[in-house]
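Lettered A, B, C, D and E in written order, each chain numbered from 1.
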Amino acid sequence: MPEFHVAGWIDAFVDWLLLSYGALFDGISAGILALLLRIQAGLEWLPWWAAVAITILAAYSLTRRPGLSLILGSLLVMVVALGLWPLAVETLAVVIASVVLALLLGIPVGVLMAESRWANAALQPVLDAMQTMPSFVYLIPAMMLFGLGKVPAVLATLIYSTPPVIRLTNLGIRQVSPEVQEAALAYGATRWQLLKEVRLPLAMPSILAGVNQTTMMALSMVVIASMIGARGVGEEVLLAINRIDVGRGFEAGLAIVALAIVMDRLTQAFARRWETPGVP
Amino acid sequence: MTTPAIRVSHLWKLFGPERILRTCDRPETFPEALKAGAVAAVRDLSFTVAPGEIFVVMGLSGSGKSTLIRSLLRLIEPTWGRVEVGGVDVTALDGPGLTHFRRTKVAMIFQHYGLLPHKTVLENVAFGLKLRGVPPAERRAKALEVLARVGLKGWEEKLPSALSGGMQQRVGIARALATDADILLMDEPFSGLDPLIRTDMQNELLRLQAEMRKTILFVTHDLREAVRLGDRMAVMRSGSFVQVGTPDEILAHPANEYVARFVHAQDLPGRKKQTQREKVVS
Amino acid sequence: QEPIVFADASWESIQFHNRVAGFIVEHGYGRPVDYIFGDTLPLLHGLVRGDIDAYMEVWIDNIREAVEQALESGRVLNLGSNFPDAPQGWYVPTYMVEGDPERGIEPMMPDVRSVTDLAKYWELFRDPENPSKGRFYNCPPGWVCSDINRAKLKAYGLDEVFTAFSPGSQAALNATIAAAYRRGQPWFGYYWEPTWVIGQYDMTLLEEPPYTDECWATDYGCAYPFSKVLILVNADLPEKDPEVYAFLSRYETELEHTNRALAFLNETQGSMEATAVWFLREYPEVWRAWVDEETARRVEAALEAHGA
Amino acid sequence: MPEFHVAGWIDAFVDWLLLSYGALFDGISAGILALLLRIQAGLEWLPWWAAVAITILAAYSLTRRPGLSLILGSLLVMVVALGLWPLAVETLAVVIASVVLALLLGIPVGVLMAESRWANAALQPVLDAMQTMPSFVYLIPAMMLFGLGKVPAVLATLIYSTPPVIRLTNLGIRQVSPEVQEAALAYGATRWQLLKEVRLPLAMPSILAGVNQTTMMALSMVVIASMIGARGVGEEVLLAINRIDVGRGFEAGLAIVALAIVMDRLTQAFARRWETPGVP
Amino acid sequence: MTTPAIRVSHLWKLFGPERILRTCDRPETFPEALKAGAVAAVRDLSFTVAPGEIFVVMGLSGSGKSTLIRSLLRLIEPTWGRVEVGGVDVTALDGPGLTHFRRTKVAMIFQHYGLLPHKTVLENVAFGLKLRGVPPAERRAKALEVLARVGLKGWEEKLPSALSGGMQQRVGIARALATDADILLMDEPFSGLDPLIRTDMQNELLRLQAEMRKTILFVTHDLREAVRLGDRMAVMRSGSFVQVGTPDEILAHPANEYVARFVHAQDLPGRKKQTQREKVVS
């Protein structure tokens, strides 16, 4: 079969972007960076014990489960004990920014996909591509456009971790019983009220699973983020790998897992707060 | 005569595979669709309900009563025909118009309750008011009042899943009553209730009716209930009305063998509807 | 017969050397060959375990601990350097010093020759994440040079105006050079030769005081030595195929060879195999020193057949 | 705070494993490898046009949707046209083996988590760790045990991609209406019958979402797999990345996305075959 | 006297927050739990049903009828007490024993149908047989036969969601009849049915009864139905039986004001149960 390539066009396109809009991308990059540095400064300003205390209090006030709250707190203490707190703070800044953006973008898009058959069909392959296109493929041009560091890291994390919450919001809404929706409509619910009062609350278990997966996937990008200069715990992993230091890599990995669990449980508790079905 | 509260003209609703329904846009095409395997749940139905009237629909299960009642609110889109409710041409309404109509003109009670499983009993009852934008304190007061009327005082903060079937049914009734709509569509509202509560609820309905002259479309399987409540009643079969008239007429002169069998399946303790109603109202 | 397996890491010079050695093994010694693609460290592990027989370019300066560990285990043999004179150090794009009239780029710091001259130009390299300093692109984390570079910045007093920015990976480092070069912007950081980057982009290696062991022992305030690029083989190779082992022990090239080969590859956009054949044809005196007469004849024959 | 490290123990543990159970791991490795090579030999034996034809036919016979079937076929044709078919075959062998193993392991574990509160609580953090522990941390020791190549690649892919199907099976089963389950129990359904006749079919939409996520995540590991000698399309990505060859990387990425879409739609269609709820 | 088909002794079922229920293991602790906020859906209930008897339970909605019927199959675990069904001590059964018992001894009809939404009508009806391992052809034949009996011929391949409420109810009835169990537990089986079908189903039940002498526990809100079907009946209130006896006894001598109000809420067309039944059976 004769071969056919698109590489030339892609290259030309990236070059064109780079030369024509370099300044624009520098501007965008500066904007995102400012946000990120603010989050990071806030986190850095906090001493570690204050962060632990806040986590425990937040977990308790959201879930009323003292056991869980203490476990979350002690996971953070473990990160501190491993000497990785300063790095963890840098990682957290990137991950928090990404997860917040992913949820803000993902839930509405998921709703859209549930409402519109057209959007569903059109976005499905886009989501597939976002999840499977190897990050570095788009990171190379992204790094050229945005420079190295935290900005392309947020971008890559966002691209990779948004699909699950979109997909599961979509699924959850589609599973809401038509009978209950009919009753709400009969009492004059608008599309928006139907969504807010019935569909989203009843889809909550599924949406929460999406939030969980998004958080997990955001944290699974920590090493890649460090590979493009975002620093953080991922750098420790890279260092350990390059030095064949299994134990050290494992410690850094543990810290990432700890951050993942803490972030996940807190986001879940927070989202659950909004409203969940009474039926188990 | 005043304009009827409900006027239905030549209403059709076909169910069946998408493939067949796609070509159904005029009544002339319907016989073919029916032959091809579609089901006519409502078949060329026309009738009117006068303001303040209780119009009872009876009929075999599967005869299209729920479908009819849903069509009046366009919860299912009629295949053909025209529906006017409270002077509004429902079939012509656009989205916001339909929402406004559903919020203000009608309230519905569902055969399967249709409660929101994630909201408490109180929130369920106040739901119609919330949609309409009534302030929280006011809707709470209203909901508490109606809940007391249906005998569910003390259950306000429970979730529907902790209630028995009959109690859930009463929550559905309370939700409809709370909206103060002029027109009530009731799909077997009392069938899961025990006789005491059922009589209470019937009395309550008649009292309401005497006070506020609502218009009610009422589906039931219980002939006693139909006779007791209905100003007029219709017997439905395979999507059409076989006979329409006052209960007395129908009991005295069944239009055909089917109606006769239908009304005699439950023999009745005398036909003293008028006097009974007077007793309750007084 | 089991093949001789080469570690086919992801950069081009090693792939080129693999094809050269592979051609000789295949046609000169009649032994099948295989190339396993992978990342640096996994391949090194493979070498220790015996999944891989030969690793033609081990940049020991980058992964010293891993290599030392491997050698200590006794499962790996060091066959000496592949090419002995690979420069490394701190580069800036040449257009920054000399300008590039074709692209309309004015020289930004015409008087810069050595690293210490850069102190007054730090603002050109401003770091967006820390705008009070310039950005120096360091080695990827974990490479030995990343610590050395930091020490050098300090030794030259440049740490006051530059931060050592860790690019995270070699790919990221390359991307920064490519992006800066295409846009004609400033860039300053560590790199090495022979690489396609230095081949493709015109970069200037900045001057430093010449390398001495003393300065290396104190504050690293002098130039890098030439980097060592070793050939490592699995300890079972002498037993598995003594002839191939002997051949690889004698394998040695010069920097120039690799550079020419990479240039050829770039010009022709051909395959690695073609480049290896070109090299073997072009430099018979080089490879004939690695093999005996008999083998050389067989390789010659194969080369001729290849052309036909 | 005083630091506390586990690195030493980890190192010792890996060494101990290596010395004591080397033969065992060689055995496991040989088993997986045999399976893999069989899959790969099968795929290689097939000419590309036959693979395209089989895909189209399979898709059509499973879904009866001619449009979809043709799209899937033409995605494979695209891979061929990009000249990546031989590499794609190697990638597919690893991914197919991983996804099959992930589903075989994941669905039962998901069921277990839905059935047992204890298993649920115990496995939750394990799943978190599987998803967020950076692959390289466990890949280095895994390579010591299993060698270079496709076996550790399957292992890493398995670890990373199994959690979604576990989690979503768990979620789906928990969401099955208690009323329907009660009815089945009343007629004397055993635990197993309840599962097979009621819970799994009704949880199917959620399980399918899990299958989708597992497939996606398996394909997102293709590049890592190539880093440890598994060959395949990931190699092309890595080469392109090192050369900052955006177009070439993008082509390889496209091929991966195409494989992802084809695999996902086929697995979904196949799983849907089993049984799905009639209610939309 | 033969052993009773159903014997319930001192059955209790409390609902409420986990926290309170944890400490409830003996009847002595129950009053305290009730004070703390638990609800006794079934309260110290004892009764027996003789083989071949139709025992009807009536009562206010929320009085515990569904809970009682569920407890007999241990679909909800009783808090206290002993249940024997068909000579088997249900409360003492282990897992496999319970499964065997449910498959062979009893069949249940649910107030809310409890159909499997992903299976066709036919598969739903054959479900009990499938669980028991009856071969496909045989269970298909049986299911088709029972479906015809409940008037659902032609709907075999539809999904429950395409059926009206009453039709779904009949699928539930067919499923129970298909199992040929000796003991039927029926939770308001006929309440969603129209009068014609309802009478048909009652006749069918009486015919079955005359032929096969099944034991039936029957919950209904319809006094006529209770009188027509029941050999004995019980009136339930807040978890206890207020009165147990033959319908005639209860109608003639209501034990208290509550029962009297209850049975008189629906005045009855003469008390001719015995004769009616004979007519049907003959």
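Methods note: a residue touches a chain if its C-beta (ideal position, glycine included) is under 8 Å from a C-beta of that chain, and two chains touch if they have at least 3 such contacts.
Small disclaimer: the values here were computed from a predicted structure and weren't measured.
With steps allowed only between chains in touch, the distance from chain C over to chain E comes to 2. Averaging Cα atoms per chain gives one point for each, and the point farthest from that of chain E is the centre of C. For the pair chain D and chain E, the distance between C-alpha centroids works out to 48 Å.
Remark: chain A and chain D have CA centroids separated by 21 Å (rounded to whole angstrom). Each chain gets a centre from the mean of its Cα atoms; for chain A and chain C, those two points are 37 Å apart. Among the residues of chain B, those in touch with two or more other chains are 112.
Residue numbers of chain C whose C-beta contacts span two or more other chains: 41, 171, 175, 178. Annotation for chain D: residues 140, 241, 244, 279 touch two or more other chains.
Interchain contacts (touch definition given at top) occur between A-B, A-C, A-D, B-E, C-D, D-E. Interface residues of chain A facing chain D in the complex, by the touch rule stated above, are 1-11, 14, 48, 77, 80-83, 125, 128-129, 131-134, 136-138, 140-141, 160, 163-164, 167-168, 171, 174-175, 178, 205-206, 209, 212-213, 216-217, 219-220, 222-223, 234, 237, 240-241, 244-254, 256-257, 260-261, 264, 279-280.
Those residues of chain C that touch chain D in the complex are listed here as 10-12, 36-39, 41-43, 45-46, 49, 51-52, 170-171, 174-175, 178, 196.
On chain E, the positions that touch chain D within their shared complex are 70, 73, 75, 95-96, 99-104, 107-108, 110, 112, 114-120, 127-128, 130-132, 159-161, 175, 179. Residues of chain A that touch chain C in their complex: 15, 18-19, 22, 29-30, 33, 37, 136, 139-140, 143-145, 147-150, 226-231, 234-235, 238-245. Chain D contributes residues 179-180, 182-191, 193, 197-198, 201-202, 275-279 to its touches with chain E in the complex.
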